[in-house]
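Chains here go by letter, A, B, C, D and E, matching the order in which they are written, and residues are numbered from 1 within each.
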Amino acid sequence: MTAALDAITVVFVLAGCFFFLAGNVGLLRFPDTLTRLHALTKADNLGLGLVVIGLMPRMDHPLSALKLLLVWALGMLAAATVGQLIARSVLRRGLPIWKGPQ
Amino acid sequence: MTAFPLLDPALCFVILTTAVLAVAIRTVFAAVVSFIVFGLLMAIAWVRLGAVDVALTEAAIGAGLTGVLLLSTVARIAKHRADRGDDVPILEGPEPDPAPTDPLPGLATQSLAIVLSAAVAAALVAAVALLPVPAPGLVAEVGSRLSETGVESPVTAVLLAYRGYDTLLEIVVLLFALLGVWSLTADARWGGQPGLRHLARPDGVMAYLGRLLPPIGLLVGVYLFWIGGYRPGGAFQAGTVLAAVWLLAVMAGLVPIPKVSGIRLRLALVIGPAVFLAIGLAGYPLHGAFLGYPPAIAKVLIILIEAGLTISIATILGLLVAGAPEERPS
Amino acid sequence: MSVDSLFTQPGLYGVTGALAIGIGVYGLIVRPHLVRKIIAVNMVGSGVFLLFGAVADRAAPGPGGDPVPHAMIITGIVVALSATALAATLTLRLSRETGRTALPPEPEDPAVQDKES
Amino acid sequence: MPGVVWGPDVGSGLLALAVVLPVAGALLILPLGRHAERVPHLLFMAGLVLATAIAYHVWIGGVLTAAIGGWPAPLGIVLRADGLSAVMLLTTALVLVPVGIFAAGEFQPRTADGRESRAGLLFWPLMMGVWAGLNGTFLSNDLFNIYVALELLTLAAVPLVTLEGKAGTLAAALRYLLFALLGSLLYMLGAALLYGTHGTLDLTLLADRVRDDASALIAAALMTAGLLAKTAMFPLHLWLPPAHGGAPAAASAILSALVVKASFYLVVRLWFDLFPSLLDDTGATVLGLFGAAAILSGSVLALRQARLKLLVAYSTLAQLGYLFLMFPLAGGGTEAQPWTAGAWSGGIFHAVSHAFAKASLFLGAGILVQGIGHDRIADLRGAARSLPMVIAAFGLSGLSLMGLPPSGGFIAKWLLLTTAMASGRWGWAVVMFAGGLLAATYVFRVLNRAMATPEQPLRLVQPVHQSRQLAVLFLALVSVLLGLVPAIPFELLQIGGGLSTVEGFR
Amino acid sequence: MSEFLLGAAFFLLITVAGGLVRVVLGPDQADKMMAAQLLSSGGIAILLIVGVGLQLEGAIDVALVVALLAAFAAVAFVKGTSQAGTGDPEAVGVDQLTTLRQDAPQGRPDSP
């Protein structure tokens, strides 16, 4: 039974790490601010969620598992709202917007 | 103990890179951002060193509040430059940076700085190397007398029982920092609301965040306050989280900060140190010494002190970040 | 004289603390902008606390460590924040009154204006 | 384990009160706001009574120690009051009472139209904070607790510099804050290294465990460098004149007379109690050279000042130099000489008499600024006629600065000079003579300008209340009185002092 | 297992450190702040993994505090860029959105 739980942890944490890598590559490679927002709000949250799911079986008390979920929820809430605010501030300040690969 | 030997050198290297960035990076805003990242990595380093209490404090105060304080300072400096009609349009255009890069001083000062900082760093590395291997510490003493303090978490026992006098002076230091900040208001604005008046779109995302996060923050704050007795946590970390969410509600324009001359605000500031002082003086008859807690009721006294401290710390830290009153009192 | 103690976990963090102090001192002297000086002072503070934490970790390795230095570091961080808040407000006031964000080169005469009748 | 405090060791019970009283004062004044006029003066009086009680208990019962919370040394924090701490506590309380009376004329919590005044209200809790920081530093026997007390002192003193809201003082306050913060961090770094090596931060325990090895030297160097920055000693003195010159008179009196003395007191504690054997010739001579450079540069710069407050601020730099001459004369690793105790007492004596003289000078300068509208030395003609008591106080304090009999400064310099000559080190004696001469020039420069008969009598811009002039005169008289009856303070100083016994080192 | 977890933390640390490049290069302040946000969410993951790897129950609380305060720092930044500290980015410049809609023919109508 613990081998199965360990396997879940390994798989999910690795997947989480992959999405964090994807997020970072996105942050560095994307052409303009608005597209980079995807890296921040999408890839990272998925990475964090997978890591949280991967770590949940390791928790000895169900309450700490709940706390892990709260951390993930907070992460998502922060990313969503901040992404919206930054996007609106970028638009308002009229920064150059990438119009596709001319 | 080092299950994965590569993690520590990597963490140290990234910490030092962020430190160099915070000093050497071109613009002031980027320096503040690097400093926020530095604070976060320090919190990870503290967890790696097993000091979870310190990690909590560093994450809440070092990375959190100090970062926000510096961010709002940079923004307000930009506002002052804009009000003065300086050339740099505030935060418009592709590379809007409020403060242009400031020139480095002459060669003499730079070389002096390099020599001095290298000397200090080298002396310290030598001192670290010279520290004796069987390191003396007070772990045993703290553990042996823990039962008399009525608290299980050793750090809370040290903070509030063994070295309670330090913590009393520390909350007084915090209060005097606030008095110092308030003393910098213009005379005409004395008595007004601290910080800038904030307005937000009623149905916008800011107001939504201002309504949603504070309850969660309150929950986390009370949780941190309560577990202070058993596990890492306590008044300082709880106070910081409460201050942060209170400021969030203020930024969302939902909650007005009470006036500086308001009596309720002043009592909230003073209650923490006052309760601590009263219990300290009660220590004379109860236990024969200042801040002496009789073991039987030590736990109750410590919880009382922590409750007072949490209220005062949350109020003081919130007002410290909000800054000196800038609004003309209505 | 145990140089190899530098490569154990506490030694490593102690050296990082020492180097962070060096970087902070350099930044404090070289950078004229006041917000950067505040950052440099905070960095020296964090370096001192990291070095103190490494010292504590040596006393009792593993989770927990020596609680006395940990309590002192928590006090130090709170004191550092209050000093930073005062320095930031002074900087803001200087920026609003004089428009400068750096200290004047040599200490010019403090404005003890004559209260001419 | 916890002896009943009301029994024989009443004295040790009082120690904690010396810090609790100012803190309680600050906490009381803030909510009272407009209605807190008389509270500070009552507290200053109570503080004077408390300081005398502590000094009395030290006088009859020897060194007092009080473990806070009943926790013994390595674990808890111990407050310790020996002769030196008792003298410094008394000086602080004795300087604060007249300064409080003086400041009452300038800082009222309630403005004329009944509103609460910013500076008027905040001045008093900040003074209480400085007082708590000072008492905390003088009494604490734990290195980290001293760090927190020093931070409280700095964070209460810096806002005093900018309290009058003048734009010029902002840069001075910022420079002061940055120097003080760096100083405190270096000090804490040294304390951290000592904890790492010896496992405790209690001074008495550390004094037995410290060996003269490289790590103790590095820790001592770091702590001394930090404290030199906070004492504005020669290489790190840039911040003091604009800060003390620009601050309001009552605040600059406290800053120059007491706040810089706290870090000097700690350097004395470090070098004479914690690392007595480490104070070899090189270390002591370096400190002495810093002192000599401070005397000469401070005095020369004081001569060139056009404004009285800045002249007095630069003279603080010079007089601090004398204090650091004590290290080569009293320490220096020379084998126990009968006169080394004299140099140690001479240094402390100079610190105390300078505190009274400097407080009187700054308050006098404050009255001049308020009375005749300016403090430009060139236009002081006729000031003696219109403000006789202030100029008389200026003369008396000048005596103490120059070190002429019968002032307290004379006794201090006499002790230092005899040690220098008895041990054949003429260099320090020459420096002291030069310093005294330069002090004489800048004091007399001001005096004869003030005594000169003006063409038309100098009109007072604003009448100065009698009690404020009496406060200035009282401080100058105490500084002179110290010279007339030095026996009692001399004996009090020797109790429990590191270097007090005549045969030199313990 | 803790060997694997700390190894994962090491990998995360390296990828997250990559974000520092954006802090240096980032043309606009928003990019730098986003990089900081990315670093902090990566930091939260590292905290969780190291906490579990070292059996430190408190590390989850640290992650909780970091998550809460990261949002707070981002809001402070966004407010800083709007009307210099007091306004709300959404309250301002609604008209600019309409101009955007004209010159972006293939874009979806922007939902306010």
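By definition in this document, a contact is a pair of C-beta atoms (placed from the backbone, for glycine too) under 8 Å apart; a residue touches a chain by one contact, two chains touch by 3 or more.
Since the structure is predicted, the reported quantities are computational estimates derived from the model, not experimental observations.
Participant: According to the touch definition, list the chains common to the neighbour sets of chain C and chain D.
Facilitator: B
Participant: Supply the minimal count of touching-chain steps required to go from chain A to chain D.
Facilitator: Contact-graph shortest path, chain A to chain D, evaluates to 2.
Participant: Name the chain whose C-alpha centroid is most distant from the C-alpha centroid of chain A.
Facilitator: Max centre-to-centre separation from chain A belongs to D.
Participant: Counting contact pairs per chain pair, which pair wins?
Facilitator: The chain pair sharing the largest number of C-beta contacts is B-C.
Participant: Please identify which chain has its centre, taken as the mean of its CA atoms, farthest from the centre of chain E.
Facilitator: Centroid comparison gives D as the farthest chain from chain E.
Participant: Round to the nearest whole Å and give the separation of the Cα centres of chain A and chain E.
Facilitator: Those two chain centres are 9 Å apart.
Participant: Please tell me the distance, in whole Å, between the geometric centres of chain D and chain E computed from their C-alpha atoms.
Facilitator: About 50 Å, centre to centre.
Participant: State, to the nearest whole Å, the distance from the C-alpha centre of chain B to the C-alpha centre of chain C.
Facilitator: That gives a centre separation of 13 Å.
Participant: Can you compute the centre-to-centre distance for chain A and chain B, using the mean CA position of each chain? Integer Å is fine.
Facilitator: Each chain's C-alpha centroid was found; their separation is 27 Å.
Participant: For chain A, what residues touch not just one other chain but two or more?
Facilitator: 70, 74, 77, 81, 85, 88, 93-95
Participant: Among the residues of chain E, which ones contact at least 2 other chains?
Facilitator: 27-28, 33, 35, 54, 56-57, 61, 64, 68, 71, 75, 78, 81, 89-90
Participant: Identify all positions of chain C at which a residue touches two or more other chains, and write them in rising order.
Facilitator: Residues 21, 25, 51, 55, 58-59, 63, 68, 72, 75, 79, 82-83, 86, 90-91, 93.
Participant: What residues on chain E touch chain A, complex-wise?
Facilitator: By the definition above, chain E touches chain A via 1, 4-5, 8, 11-12, 15-16, 18-19, 21-22, 27-28, 30-31, 33-35, 37-38, 41-42, 44-45, 48-49, 52, 57, 60-61, 63-64, 67-68, 70-71, 74-75, 78, 81-82, 89-90, 92-93, 96-97, 100, 104.
Participant: Can you check the complex and tell me which residues of chain E touch chain B?
Facilitator: 2-3, 6-7, 9-10, 13-14, 17, 20, 23-24, 26-29, 32-33, 35-36, 39-40, 43, 46-47, 50-51, 53-54, 56-59, 61-62, 64-66, 68-69, 71-73, 75-81, 84-91
Participant: Which of the residues in chain D come into contact with chain B in the complex?
Facilitator: Interface residues on chain D, with respect to chain B: 2-5, 13, 16-17, 19-20, 23-24, 26-27, 30-31, 33, 66-71, 74-77, 115-119, 122, 125-126, 129, 132, 136, 144-145, 148-149, 151-152, 155-156, 158-159, 162-163, 165, 189, 193, 196-200, 213-215, 218-219, 221-222.
Participant: Flag every residue of chain B that touches chain C in the complex, lowest number first.
Facilitator: Its residues touching chain C are 1-2, 8-9, 12, 15-16, 19-20, 22-23, 28, 31-32, 35, 38-39, 42, 45-46, 48-54, 57-58, 61-62, 65-66, 69-70, 73-74, 76-77, 80-81, 84, 86, 99, 102-105, 109-110, 112-114, 116-118, 120-121, 124-125, 127-131, 133, 135-139, 142, 154-155, 157-159, 162-163, 166-167, 170, 173-174, 176-178, 180-181, 184, 236, 317, 320-321, 323-324.
Participant: Over in the complex, which chain B residues touch chain A? Could you list them?
Facilitator: Residues of chain B touching chain A: 91-94, 96, 205-206, 208-209, 212-213, 216.
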